[in-house]
Each structure stands twice: as structure tokens, then as C-alpha cells.
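Supplied in C-alpha cells, the structure appears directly below.
Here the chain labels run A, B, C and D in written order, and each chain numbers its own residues starting at 1.
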């Protein structure tokens, strides 16, 4: 931490701050400048609360220097984390594409779409059984029945399943039936859920909250890892800004920012990130070009009848074309796309 | 819903959309304009998903007209909702002030601060037993022990207690020990928690999420009410913006916006809303002047030793001065401040 | 500036940065910490560009400590700046209210409204002759004719005039005809215009840009002052955020933030800040309660026929009621309202 | 426009609004719904100000349906606009890359960097002679001398020049010396400057303002076109959000959004868009992948000595590698990169 003293701070003010620092077991580094003095604080007897200094005479500003995350940090683990789910590796050489409908609506719909996305090269299958919806009157998902349908889709297509858990109760069910537990954007700082995910033995796909800074995002991952589950996959899905031409503003710059600081893999969700079908393919391409480890995309073959988020779902044929483009793009960024087109 | 057709849409495109509207059981109202046609959709066989139309030829834009909330709406209930907690009424003639430390740290600290805020005229006591913290390494609260201390503070001072619940497990405990269950900003769209709060028999203080629109906020309240708990108190506590001179940007304009649309009471939290002690009093005054039903304020008598959020806590004497100002301000907006200064 | 080295930075990396600092004529203060080293840079041979260090091996972050503004700063001038315009003093004991229509539409309309706001106690008259409008097809103002009408309104009512200048050409005209030159939010970083305003001999009302941080805002004022015009009045008028219940989000917390750092007076514009008539009075009250030096409010007696921004204009009678409330509020924050109700 | 009546609006309220609509020369389309009535307004006797209705009894909301831009719209001109500058075509089959230093610092520096970017395949040369800087104490550019140096760089390398104009005076000079006139983000709503650019006979590169919506951005272009200059090149350069890991948040989704609505070409500026060197290449790739017509990139061979924005400038060799990647990416999105590597 850096403690900035005002231009009118006296040498006694500076002295008093230094004494307080030393009392707390830290080391003080006063730096007299041309017009004011700043005081560095180093040492590590534990975290330091700014409250200790904020109030002292002469202090005008406190600047945090160190970041509070540890386990997520590349300083702790330099190599990229690779997470293996069935025969899919997330964070490795191959970019990974997860696809499927927003919500599991019926067994028929789910298997039908699963077959189509598999035929077009998807590596994992996504679909919501528990749907966090802004309105209590919107379709909330099929629940446990939805999870069972997803398990059938896995059996039928061979694709591992990723689906969202929304609380302590559902996380147990999701852990049992699915391969990757998704934590949604609205729950990114639901710390009870993060801790429960940290105790699960399945990988966790953690979506960035709509107003999460990079530090907030990494600390949410840190919550999961601090409980012992090191298999965390990050996912950018758009943030809230004033811009109104998309539902959210997809912040692709977080991909290189995460890669620089953390060893964890990061995916991009261009469906929720834009909320508009015609923007999904362009931003999927951009996500691969910026260096994401993969995509999670909504695909529906009858979006006009979808029970949720129809307007942002790709049609299976558009998804296929997008996979072709990703296959061409990946090598440009020294990645590859494994394209096992399974016809069932 | 309004469906806007492009300038180049044909009369067949328009016809096709109208047919689809009628098929779904709604009524179509085509409105040919100077350069393009818009089609109104009315009737109420249930909600309409935009996915039905987004994809049809000629359609360029869909505009939602009706808002999805019902129970929170002043159209349903014209009179202001008043919520009675012990001998305090929230949303009535009196403005209500809740005060106390960010976190319950010890029995001694809690009773000491409770006594001081009571002596300065606080109506209810706040303090966190379960603390949602951005970092897993920060102090997370005393848990059940904290709730028991809060109950003692109520016994000692007579003030009803408001404290935060963070999941299904804690909500039961909070319901048992406290008088008002707080749902924090980070959990505003934790729909499982909202539903659990809807089943509780105690009033709920619902804080606005950091990226919640007015609709999101009211729909979160609607979740609670839809389960049968009509005692919801809203609370503005700052939103995330680019502005960096405060921790969050306190959006006081939401107070008159809520009052216009909803019958629910709304408080303001200037402590989290600014994150800076010296801004708490000015923005508390502004909150009363804008028409809020009350305040929830952090007060600590040793902020330099507080285990969390020290820099935003008022000192008891500053709190007392603020109460004096509120007593003068309230009549200007046709409210009053009941000022029973209890000396224990 | 503080230069943060990575955990894996070598002692040579640290040494190299220190050498570079000294080469540039500054003093280096290395502070070895538990896991990494930070290096403070002090001294004042001129500003230091971060480019010098960003690229050096081992450097992970640069943190700016000092702020680049000088003349606006309370460190330079501790007493509040008071700006006298005719018999009105801005930034003194009295809060000042400027009122009038968004745009000057005709002599008749202008004098009629001027008379009404004067009768209700306004201290200064506002009205746009040069209107910066988002669309080129919207009414752009009467130009020089509008200025002449404003001058007549001053003659008729005795109120000093504030009106906007939008470029080098108009600033000369505004300086000639008006008493205070307004720089609008969209031009807050039009540095040519700021410099021209700095050469004018009339006070300048500088509105905060829609995406301006506190530093950006103060530096825009610094541009004006650096040219020699020290009569700058700041004005908050709402920022762009995701919140959609108002046209902009009025950020009242900037008032105490400015007061802490700067000696300049600051007003609030609740009309543009909310864009909704029914929110103007509540947020005007809040602005006075938070400590603003005054208000600038749109008033129109026929808002349904206004050529611009009708929906946010108060009616004269509502303005009168608001003035009554401000008269009651001001003493609570140790200010007063001079209420010379001139009947013409 | 759509006028939404409240649930409690009477049939007389509805009738009165319809009458007002017809009085103004428009046609009213009342649409009674299940719980409330909405009234459509069509016809085109001119723009309609919401002020006419906002105040009428029973009215709760006004919804704008039509957008106010015309000349920028693809509805008016379906084919993409191609802008020819020397032998470079912007908006055509080839993606175009403009590169150069942030500021022209000296003839030697400018020619040296121009040679290097040309050798690496840049199509146009950028460099600021008039620099709009946040602080009045930062380097403000060489002015006319800078323009003359840029003209020499064109002569020397054959690359057309793009450089910023900041007011009426400089726009004449820039028009004389440069090939494309840049309007910076801070001046996007400097309407005097936009009009002056509309009268110039050179193409205009218009950067999106930091808080500009898509409509604001297109209307700024409309200002230029309304004066007769149809050669407008749009440019995304990052918006202001709460995210703090980049200087601005680059909003790539605006590229497909613009392409859908407008025929104008759009570039991306990843240097200002991120403010961090190590993010420039990833976001440049993403910009091409999302469908941008080109890039404008800062390149400096001694960023540690740059007089402005050093930390975001690419080194020439990194720029060369990026050009290689763009050459591979362009065909994936059905574009090409012309790569005339001129060795001087």
C-alpha cells in the first residue's frame, strides 16, 4: 500500500503514519517528493485494512498496490492450467466449442439439437435445467428432469455436459449428472455457491458478473480454488455499459488481461454477450482471434419457438459455418480445432 | 410489443407478421407510416417471446412496451406500503434510520456501538454476521454467534435488528434471530435466495445490484412477493460506473423513479454507495431531500480497527450531527424524524 | 509514480529501473516487500511519461500517484473561490439559482419566461442561443438573434445571463452579450474552446462531460485557468451509465469530491441530469442538501410547445414551489437563499 | 412514436391524446390491450417533440420508434460506401491498415517510423500534429510544422496521411496538408467541427466518443454528410466503462451493428481502445475477425522516449508480425490484405 500525504502535511503527520505502520508490524518507506510525501508500506504479517490510515491527519489518499489473489495467479503457477473433461481438454492446444440450447425444453428437443451440434463439430453440450430468469414469471427450467435429459444427450452423442447450478441444492444434482458445473453471471459473487463449487469434484465454468472488474472475477475464482477445486474455467459473457446496440457489451480485452495474470483457461460466450443472433458469429470469430480457449454458444433449431433467449440462438447450419471459420482462424493464433463430425 | 418493419419490407412481410400474431392468440395492429410500417401486438394469452418475430423477413426491431412486474406496481396497489417492525414503521410519515457497524466483531464492540447509535437516535440496528466479501481471505463474519450478539443488542437497546442472509441455510437463522432479513447487492439476482426470502415471515430489505436496471430491481422484489412475502423494502446502494472518485456511484434518481412506479418503500445506503466517510453525511442529506424513506448507515467508534469497511463508517458523534440535520431536513419534504434519544 | 515489479523480477531488473529513474533526474526509492518490490519515483524535473518504464524487464504495473492539476487545487488556494456576476455571488454564502428555457425561441417567449422565473426568485437567467443537438435536423438555436433577445431579458429583469458558446466564433459573441459563458458537456474536452474561454474576460460555467472522471473534469477547468481566466464555475449534469430510468445518471457525490480537492464553486443541473420533469424537483433538493453552490434549471411555461427538451422543463409554478423548498433547505447546510421576488 | 397510457387512463384521456396527434397533422392508432392502451403515431409532417404528450393526463411513457438518421442509413443506400484515398480504398475488399506514432515529434522520428511501418506493409500513415491532451501541461503537438513533416513522410513513402483536426482553424490546415481529416473521440459531438468537416473536400475519419451510443455515433456522421461530404469513415476506439484492466473498453460489437444499419466503412483503433501495448495485437486480430474494414494503430520504435502515449505503441517488428497475422485472418472473413512491402 502507498499512503499519499497532502502538500500541507507536517513532518509530524508523516512521522505518525510511519509509527503506525511499524506498530502494525509492517515496514515504512517515506519518500519525500517535490511537493508532497508518499509513504510505502511493505511486509506481510497479514492483509492491511485501509481504515488504519484513512483517518490520520495529513493523509489524502491510499493506493492499493498488491492484488489479493494468490491461487489464480501466474506468479504462483506459471504454466497454463489444462482441464480435462472426458476426451476434451480445455486450455490446451485445441480451442473448445460448447454448444446447445439456452434451456432444456424436452427430451425430444434436446436430443435433436444435441445431434445437430455434434454433427457440426461441437465438443461439449450446453443446456440449462435450472434457469435464473430476471422475471419470476418466465420459464425457470425443467430442473432434475432437465438434468436427466442432459445425461441422455451425453450418452447419445458422447459429448460431455455443462449446465448451471444456482444454489447448494442444485449444485449437488448438477455435480452428479453433468461434467462441468456452470456458475452464472448473476451468481459470480454468490460466495456460498462458490464455496460449494470449491468442494465439488467436477470442473467449474465461472461466468464473469455483469459489473465485475478483473480483480472481482479472479477473486471469485480464488474462492473456488481456496476450497480445493483447482479446475476453474473462466468465461467472459458481456458487461453492463451505456451502449444499447447489444444486450451487454462483450469485453474481449479481458482475455489477454486474464492470460497475462492467471494460468486459468478462459472462454467467451458471444450469445449472452450480444443477445443478438446476427452478432454471434462475428464475435465468436473475434473471441478466437483475441486468444480465447474456446466458446460457449447457444444453438436452437427452432429459435422462434424457444422457451428462453430465442433471439440470440444460432441455427445449426449457421453454427456449422461458424465452426468452419473457427477451423481456419485457430491456426492463425497458433491453436487448432479438432473437428470430429460425428454422424449419429 | 411493437414490431418495426424495415423500409424495404413488402406488404407480404407485414401480412405474415400479422398472421403470426393472430396465430399466437394476440391481436395485430398494423400502422403504416411515411417510410415504414410498425405493428402493435396486444392481448394477453400469456407473455410473448421476441423469438417468434425476430427472425421473420422484413422485421428490423422489436420494442417491448409492457413491463413484466405486477405485484410491485403502483397500478396494482396505489397506496404506499408501510412495513411495521417492532415500533418502527418503514414507508410511513417518519423517515427511518438504521445504523451500526459493517460487521459484528464481538459482543463488546456490538453493544458499545449499539448503545451509541441508540443514544444518537437510530431507529434500527444494523450489523453483519454473514459477510459477503470480495476476497476469500477477508473476514467473513462471526456467523451464528454474530446473530446471537445482535439479538442481545436488540434486548439491550430496544432497536429491531437488520442483518444479511447469504443463502438458504443462513436465511433460516437470520429469520429466527433478526427482525428484517437483508439481501445484499451481490445476491440481488440470486433467485433461489429471493424465493427463500419470499417464504420467510419477516420483512426483507433488498439492496439494488451494482448493475441492476430499475426493471431488474423491481423484478427481484417481484420474486419475493410472488412467493407471498409482501413486506419488501428496497435499498439503493450505488452502481458501477466509470467514475472513480467514489467506490460506487450512488444513483439517487432511482428514489423518485421507484416512487412513481411502485408502492414499496425505498431506503438509501450512503456508506456502501460512496465508500468514503466524508461523503456519507452529504449524501445522507441528499437521500432524505430526494424523498427516500430512510437510511442505512455504517457507524463505528473505532473505524481504524474495524475488521471490514472501516473507511466508510461514520463516528458516533458525526452520526449524531447527521441526525440533527435530518431532523431539520425531513419537514421540508413533508416527512418527520422521530428522535427518541434513549440513554441506556 | 510507483513502479511495481513482478514476483519473478531479479535484483538486476530492479537495479535497471532505479538507474533509469536517476538518469531522468528523479530519485528512486526501492521498497522490497514480502513477495515483490515496488519502486517509488519522486522529484520534479517535469512530468514523467509511463512509457519510460512500462517496457522494462520485470515491471508489471505503473501507478500514478500525483494528480496533474495545479490551479484548480485547494492545495494551491485554500479558500473557496467566489465569482461575482452583477449582484450575484457564486460560491459564497448564498446558493444561486439560474433558470430559464432550454432554448431561446422568440423574444416574446423569452421575456415572458424571464419575467416568470424572476418573479419566482431566480437569480440568473439561462437560455440557449447556440444549441448543440445530437441530430443535425433538430432546432439549432437562433444564434446572434438569440443573444440579443437574452440581452433584452437582462435589461428587462435585471438578471445576469448565462448561455452556451460552441466554438471560437460564438464565444466572442457570447462574451459580448452574456455575463457567464457556458461550455456544454459535449465540449468539455474541446480544448480549443477551453483555451478560448481561458482568454475571455467573463466567468465560465463548465459542464462535466458525460464520461468525464473527476480528474478529467478538473483538468478541463485547469485548461481555462492556465490561460489566465480564474473565474470557473463547475457544473454536474449527469453521466452515461447503464441505468435507463433517467436520461443520464446524476452523480451528486462529485459535489463533496470537488469541494475536498478544489476551491472552485460547483452547481448542479438536474434538468439535463435526469431528463424527466418529475425528477427535477427531488434532485434539485438533493443537490442543495449535498452541498452544491447552486442550480441551473430549465423552466418553460409551455413545455408541450418547446422547441427542445420540453419534457425536462419545470412549469413556473413548480419552479416557485421548488424555490420555497430550497429556501427551507439551505439553512440546514449552513447556506442561505436570497429571495428577491421581483414583480415587473 | 408510441404513447403508452396507464392502466387507470380513462377513455377520455385516450381520446384527448388521439385528438392532439391529429391536430399536429399525424395519424393516431389506438391499440387497446388487456390492461392498458398504447397509441401509435405515424405520418411525416416533420419531427415530433415528446413534449407535446409527456404531460397529458393518463400518459405514462413515450417510446421513440424511428431513428433520426437518414444519409448514413443502409435503407437509403444499400451498397457499402468505398472511399478512395490515393491508391488505397477503404471499405472495399481489402482491409486497410493505418499506422504511425501517436504524435509527430520531429522530422527525423517521423520519417524513420514512416519508413519502418511502410516496410512492414502499412497502407496509410498516421501521426498527430494537433494533440488533444487531457492535461494542459502535456505535449500538445508541433502544429503546422507537424503537418509539413507529415507531408514529407507522404512524399518519402507514398503513403496517404491521416491526422487530427481540432477546430475550425486547424481543419483548414489539415485539409490542405493531409489526405484524411481525423475527428477525435473528444470532439465527436463538437458539432461546429463536424459541420466544418462536412464542408471539407477530403474524407473524414470520425472516432466514436467515449460515451456515444450507436445512434449518437451515426448522427455525428450524419452532421458531416448533411453538409455534403459523404466520405465518412467511422472508427471504434473504446468506451468508458467500470472495467479497469484497460484504459477504455473496446466495443467490437459495434462493427456488425454499424454494418447492419449503415453503408459507411468502420475501422478499429486498438491502441487507444486498450491503452496497453500487449493487448494491441490480440484486439487487432479480433477487429479483423469481427469484420472491421481496417485498423489504425500506433507504432513507435522508441516508445520509452515517446512524447505521448508510449505505453500503447507497438514496436515496428511487432507491427510486422501483426500484419502477417492479418494477412492470414482476412481471407477467413472474405477479405484480403494487400501487402506491398515497400523498401525505401
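Assume a residue touches a chain if its C-beta (ideal position, glycine included) is under 8 Å from a C-beta of that chain, and two chains touch if they have at least 3 such contacts.
Not measured: the values here are computed from a predicted model.
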Maximum centroid distance from subunit D, chain identifier (CA atoms) = B
So which one's got more C-beta contacts, A-C or A-D?
-> A-D
Give, as an integer number of Å, the spacing between the C-alpha centres of subunit B and subunit A.
-> 26
Report the inter-chain centroid distance for subunit A and subunit D in whole angstrom, where each centroid is the mean of the CA atoms.
-> 30
Round to the nearest whole Å and give the separation of the Cα centres of subunit A and subunit C.
-> 38
Name the residues of subunit B that each touch 2 or more other chains.
-> 211, 239-242
Residues of subunit C touching subunit B in the complex = 211, 213-214, 239, 241-246, 249-257, 260, 273-274, 278-279, 282-283, 285-291, 325, 328-329, 331-333
How about subunit C: which of its residues touch subunit D in the complex?
-> 47, 49-56, 62, 68-70, 132-138, 166-170, 186-187, 189-193, 209-211, 215-216, 219, 222-223, 226, 239-240, 277, 303-311, 313
Can you list the subunit B residues touching subunit D in their complex?
-> 2, 4, 6-8, 27, 29, 31-36, 38, 40, 42-44, 61, 63, 65-66, 75, 240-242
